[in-house]
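Look for chain A in each of the two complexes below; its partner is chain B in the first and chain C in the second.
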Partner chain A sequence: MPKLNAPSTKTARKNRKVGRRHPLATVALIAIGLGLTGGVYAAVNAAPATASADTTSASQQQITEGQKVFEANCASCHGLNAVGSANGPSLIGVGAAAVDFQVGTGRMPMAASGPQAPQKPVQLNDTQIADLAAYVASLAPGPAIPTGPQISTNGDAAQGAELFRINCAMCHNVAGAGGALTEGKYAPPLAGVTPTHIYEAMITGPQNMPVFNDLNLTPAQKSDIITYLTYIQQNPSPGGYALEDLGPVSEGLFLWIFGLGAIVGLAVWITAKSN
Partner chain B sequence: MAKSDSAVEHATDAPDDVRPGDPGTGIVLADAPVNPGFPPHRPRVTDQDPKKNRSAERTVFTLFYISIAGSIWAVASYLAFPIESGNLADVRMSTMYIGIGSAFALLGIGIGAVHWAKALMSDKEGIDIRHPIHGSDETRQTAIEIFEQANEESGFGRRTLIRNTLIGALVAFPLPAVVLFRGLAPQNQDPVVALSHTMWKQGLRLTKDPSGLPIKASDVTLGSVFHVIPDGLYDAPDMLEEKGKAAVLLMRLDPGDLHPSPGRESWAYNGIVAYSKICTHVGCPVALYEQNTHHLLCPCHQSQFDITHEAEVIFGPASRPLPQLPITIDAEGYLVAQSDFHEPVGPSFWERS
Partner chain C sequence: MTTEIPRLQRTGFTGAAANYIDERTSISAVVKEFGRKIFPDHWSFLLGEVALYSFVVILLSGTFLTFFFQASMTDTVYNGPWVPLDGIHMSAALNSTLQISFEVRGGLLVRQIHHWAALLFVAAIGLHMLRIFFTGAFRKPRELNWVIGFTLFILAMAEGFTGYSLPDDLLSGNGLAIINGMIKGVPLVGTWISYLLFGGLFPGTAIVGRLYTLHILLLPALVLAFIAIHLVFVVVHKHTQFAGPGRTQGNVVGYPILPVYAAKAGGFFFIVFGVIVLLATFFTINPVWLYGPFDPSPISAGTQPDWYIGFADGMLRLIPPHWEFVWLNRTWSFNIIVPILILGLFIVIVMFYPLIEGWITGDKREHHILDRPRNQATRTAIGAAGVTFYAVMWAAASGDIIATHFKFAVEGVTHVLQILLILGPVIAYFLTKRICIALQKKDRSLALHGYESGRIVRLAGGEYVEVHQPLDEYERWRLVSQEADKPVIVRPDSRGRITGGRRFRASLSRWFFDDRIEPLSQAEIDAASHHGELEGGH
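On to the complex of A and B.
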C-alpha cells in the first residue's frame, strides 16, 4: 500500500509543501483505499459478466454451428431464421436463457403437439444447447443465461418463501409440488429443478407461465426464491410424511381410504364370531 | 279394547310376557313375523381343544405385554428424542417415536381385550328383553302425584310473579350474546357501504405485494404479472380487511388483444390491465394467470376468466366478471388508480343489486 500511495502523496506534498501529516493526507489515503477496494471488487464482479458476454457474443463458429442445430431440430415449427410459423412462435429476442431452459429441460424439441410441452429426457447435448443458445441470442438481444450470484442458494429462505407464496404458490403449490391449470395444462413440480432453470423460467416466462422481470422480482429476490426451493427440498417436513405436498385433498383422500378402511375392518373383526 | 280386528294394536293391550316383535316399541304389528330364535350353538375351537385354548390365552397376554412395552417405549422416546435444539427435525423424530409407542400401547390393550372376549369368554347366546317404554299405570299415577306435590310445595303455579320473572330472566339471558355478535360487524358504518368500496381512489399508486414499492408502467413488460396492493395499505387501521378487498392482479397484454366495451377503453394503460384478485364466486384469490391463453383460473372451484374480454366468466361457477380497476399513470410514470372499482368486489351478498 505505501508504495502504491507514493505518487499521490508525492503530488500532495509538492502542491501543499507539507508531509504526510497534512490533515488531507488521511482523506487521500482513505479515498485511495476505497478506490482500490471498489476497483478490485468491480473487476471481480465484472468477471462473470465479461465471461457471459463472451459466450453471448460467442465465436462466429458457435453461431454457425447453432444455426445448423436449429435448422435440423427447430426450424420445422419455429421457421427458418426463427421468425415463427403457424406451428410455433417466433424466437426473435427470446434470448439464450429461453433456449437453455426449453432445450436444457428437454421440453424442446417437442415430441408431439399438445396443450403443454412436457419435461422429458434432454434431446441435445450440452455443446449443441450452447451453440443453439448462441445462435438464438445472436438474432436479437434477450435475457442471458444467469450466472454467479443470480443463482446462488445463499439468499434469505424466509423472504424467498414469502415471495414464493405471493407470486408462485397459486400455480406451483406452496411446497413447489405443482398443480393443474386449464384444459390439460399444468404448472410442473419444482423439486429437482436446477437453480439456473428456475431463474431462466422466471425471466423468460416459458409456455403459459408469466414473466417475472428484474423490476418485478429483483435478482436478489429471485435468488431468495431459489434458496427457499432448495431449502424445502433439503429439509424434510417436520410433520412426517407429506403425501407429495398436494394439500388437503390428497390428505383427506388418504384418511378416507386408509383411516376409515381401518375402522371398518376393525368393526367387522370385532363383530365376527370367533371360530 | 275393542280393536282386535285392526292390524295394529297398542302395546299395552298385549300381556307383557308374550309380546311379539321388537320389545320396547310403542306399536306392535299383530301379524309380525315370528322370531325364529337362535341358530344352534356352535362351540369354538377354543372350547373343544385345550391346546387352542392355551394358545389363545398366550396371544391375549402377549398383546398386553406388547402394550406395556409400547408405553415404556413412549416414555423412553420422550427422553431419548428431546425437542430442545429448536430444530424442526427433532419434532418429527420425537412425535413419530412417541406415537409408535402409544399406538402399540393402546392397540395392544384393545386388540387383546377383544380377542379375550371373542376366543375365551363364554359365548352362550341369550336375550335380555328391553323393558317397555310405557310405564305401568301405577308408576304413571305416582309420577303425576310427585309433580302435583312439587307444584304445591314450590308454589310454581300459585306464585305467578316469581314464575313469570323467572321465565323473563331465562329469555333475557341469551341477549348479551346477540349484542356481542352484532359487535363483530363493522362499527359506525353501513356494512353494505363497507362491502361496496375499497381503499382504491383516484391517484392512489399501485404498489408491489409485499414490498409496497410503486410500479412504473415501463416495469410491466409484456407477459408480466404483478401482485398489487394499494399504496399506504400497511398504514391502514384495518390492514387485513382492506387488503382482502383491494388486492389486485396486474397483467400486460398486447393492446390489440383487449376487447374493452364502450366507455371502458381508457381503463387500461398501454395493454396493462388491473383486475380484482377476489373471485366473484366465494372470494378465493384468483391468480393463476396463463400468459398465452390470457385465462385466469380460480384454484378453488375452477372458474375461468378471460382477461381479453374484460374477465368474463368462460367456465365454472362464478356468476360475474372480475371487477376491473381503471388505471393510468401519474406525472412520474408510476401506475395509479383512476378511481375505486365501479362495482363491489368479491362474492354476492344480500343487499347487492
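On to the complex of A and C.
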C-alpha cells in the first residue's frame, strides 16, 4: 500500500507547485482509489482469512479472486483446476496452510525447476496469498492456516527442545542451522521463520519434509517446538558468536584460518629482524 | 673481609639471593649450560612452542574444570538457568558441564579456553610436523625425535577425543557411537572389545568415567613424558637452521636462551595464551546446551568430530556401500575394515617416514642445515601427495556442509572426493615435483647469471644483450649451499651376491633421485662470476 501511495503524494505536490493538472494525476487518483479499496478489503478480509479453521468461512468473492491469482501464477505447472500436470503436483486437498507456507515464504511460484524450491523474496502480496489460500482450500478439505494457541510461543521450551532433537534435528540440525539431504535437496535453516510458517510446515510437509500430523505431534507439542525455536533465536549463544551453529566443522575451519593464522602472524612478528 | 662487603653491596639483593641458591644447589652449572644454548631465529621454529604453550593452557584450564566436572553417568534432572533443558533427564556429566557453563563464575570462559586450546594444540602440532617434514629436519640424527613427535600427535588426538566425549551430550555421544561401530566392525574380537570398553552394551553407564581417567591421568602423563623426551632430544641434537652465510653443520647461529630467548619465548607464551582467551571470549565452541543429553536415537545434521578426527570420519564416509557380507555365519564389514586398514597404513607410513627415506637414500650423514623444500623435489612431492590424501579425507568429513553451502548434491561431493582420494595425491605428486625442479632451475640460473635487470645494451659488434645483475655473496650462499645427493648403487654384499632386496632398494633410490639437479660446484660459480657483468641471456 505505501508503495502505491508514495508516487501519488509526489505528483500531488508537483501539481500544487506547477499549478495545473499533471497528465499523470488521473493515474495517481486511480492508484489511490485502488490502494484504498485494496487496503480496506485486506483489512476486512485478513482476519477471517487467517482465522479460517476450514474452507467454509472464505467468501465466494475471495475464492474467485484466488482463482484468478492461481490461473495467472500457478496454473502453468499445477494445471488449470489445480489438478496437477507433468510439471507440478495436484493441489486438491493440500489446504490453505500449504499455500500460505509455500507462497508466503516465497518458495512458490518457483523460479526454476530444481531439486527443491528455494526460499526467495515473496512474490505475491498478503491479499493475493489469502485469496489463493481460500481458493485452494475451497477445492477440497485440507489443513487450515494455524491460529491462536497453535502458534503460541508460551509453550514448554525444554519439552520442545527434546521433541525437536528427536523429530527434526537429524535434518535441520539441533540449532536449526539446516542440513544436507540427498540429491541436492536440503533442510533449510530455521532462523527467522515465523511461528505460523513453522506450524504449517509441520502439518503440510513441504518439499521433502514429512508430515507431522496431530497424532504424531499434538498441537501443544508443535507449539512447544515453536517455543524452543523462538527461544534460541531470541537468546543468542551465551558463549559468543556461534559460527553459524554448524558445529565442529566451522570451529575447526575458524581455528585453522583465524586462530592459527593469528599465531603464525605473531610468530613472524616476534622473529622479524628490526630494521 | 674487606673485599666481601663491597661486592655484596655492588650486586645487591639479587646477587646475594643468586649466590645463596647457587652455594646450596650448584645451579650455576645448569644455568651456564642452558643459558648459553643458542637457538636460531625463524618464525617456523616457533610452531612447536605454540603446541607446548597450548598444552600448558590446556593443563591450567583443565585443572579448573576438574574442580566442578562430575564424570558420572548417573541419571539427574537439570534445573538450571538454561530454559530449553529445564527439567530434562541427563547424566551427571552433562549436568555438571551445564553448571560449569552457566553457574560457575567464569566457567564457560574456561571451558571454551580449554576447548579452543585443544584445537590449537593439535593444529600447531600438525603445522610443526609439516615444517619438519618439508625442510628435512627429521634426517639423521633426528629420526627418532620425529617418531616421538608423531606419537605426541597421536596422543594429542586421543586426549582430544576422550575430552570431546566427556560431556555426554548428543554430539559426543554420536561420536562414541561411531567408535563403537568401528570397534564392532573388527572381525572376531570387535564385539568383545566393545563390551569390554563400554562395560556392557553401548552406551552403558561406565564409559564417561573410564574416558575421564584416561583424559586426566594416563594420557596427560604420557604427553608430558613424551614432551620431556622430545625436548631433551632437541637440546642433545641442537636446533637445525636454514642455510646462510656463516652457518655450518657444526654450529648454530642465533641468540642465546638467556636473556634473549627466555624473554622471547616467555612473551610468546602470553601471546599464545592471549589469542586463545580472545577466541574463547568471542566465539562459542561446543554449545552442549544446544546438543542436549545423549540418547542413542536422535542425531543432529552436521554431526562431525573435532577437526583432528575428521580425517578418520571422512575415510568412513568415502567407502562405497555394500561392502559387507556374511561368511562362516559371521558378518564381515569391509566398509569398516578397509578404512581402518587404510588409516592404520597411512599413520604407520608417516610415523616411520624418516626411517623409510633414510633406507631409500642410503644417507648416513648428519644433517643440521635444513633443506629448502624445492631442493628435495621427490620428498616435497611425497609430502604434497600425503597432504592431499589427508585433505581429501578431511574434506569428506564435512561433505554435507560442503553440499549445503556450495549448493551441490551430497552424493556428488562424495563421488568427487572418492575420485580425488586416489587421483589427487598422484596429481599433487607430479605437479609438486615439476614445480620444485623448475624452481631449482630458476635458482641455478639466478646463482650463475644473476637477476635480469631489464637493461638492454648494444655491443660494438651490433649484438644486443641484456645486462644481468649478479647476486651478492650472501644471497648466492642461500642458493648454492646444498649438499649433493647420490642414489644408492647396486653393489654385491659381503658374500658377493646381489640380492633382490638390494636391487629393489637401488631402484627406489633411483626413483627418489630421478631428475635431480646437481648442486653448483665452486668451479661453475667461479666461472660464472668471471664471466663478467655484461652477459647475454642464454
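Rule of thumb we're sticking to: the second predicted complex is superposed on the first by the 219 of 275 C-alpha atoms of A that agree within 3 Å, B and C clash if a C-alpha of one lies under 4 Å from a C-alpha of the other, contacts with A are read in each partner's own complex, and residues count from 1 in each chain.
By our rule, a contact is a pair of C-beta atoms (placed from the backbone, for glycine too) under 8 Å apart; a residue touches a chain by one contact, two chains touch by 3 or more.
It should be emphasised that the depicted structure is a prediction, and the values quoted were computed from it without experimental measurement.
Placing chain B and chain C on a common chain A by superposition gives a clash between them.
In the superposition on chain A, A:181 makes contact with both chain B and chain C. In the superposed model, A:237 makes contact with both chain B and chain C. When the two complexes are overlaid on their common chain A, residue A:212 makes contact with chain B while staying clear of chain C.
Judged by the touch definition given at the top, the superposed model places A:268 against chain C, while chain B stays out of reach. In the superposition on chain A, A:158 contacts chain C only, with no contact to chain B.
Of the two partner chains, neither chain B nor chain C is touched by A:29. Ranking chain B and chain C by residues of chain A touched puts C first.
Only one of the chain B stretches 55-63, 199-207 or 343-351 carries C-alpha atoms that clash with chain C in the superposed arrangement, namely 343-351.
Overlap of the chain B and chain C interfaces on chain A: residues 162, 166, 170-171, 179, 181-182, 187, 237-240, 270, 273. Taken in their complex, chain C has these residues touching chain A: 41-47, 50, 83-88, 101-102, 108, 112, 116, 119-120, 123-124, 127, 170-171, 264, 267-268, 271-272, 275-276, 279-287, 289-292, 295, 297-308, 310, 397-401, 403-404, 407-412. For chain B in complex with chain A, the residues that touch the partner chain are 44-46, 88-89, 91-92, 95-96, 114, 118-119, 123, 208-210, 216, 219-227, 251, 285, 287-293, 295, 297, 299, 302, 304, 315. Chain contact summary for the complex, chain A toward chain B: residues 162-163, 166-167, 170-171, 179, 181-182, 185, 187, 205, 207-213, 215-216, 235-240, 269-270, 273-275.
Taken together, the chain A residues at the contact with chain C in this complex read 115, 157-158, 160-162, 165-166, 169-175, 177-184, 186-187, 228, 231-232, 237-243, 245-256, 258-260, 262-264, 266-268, 270-273.
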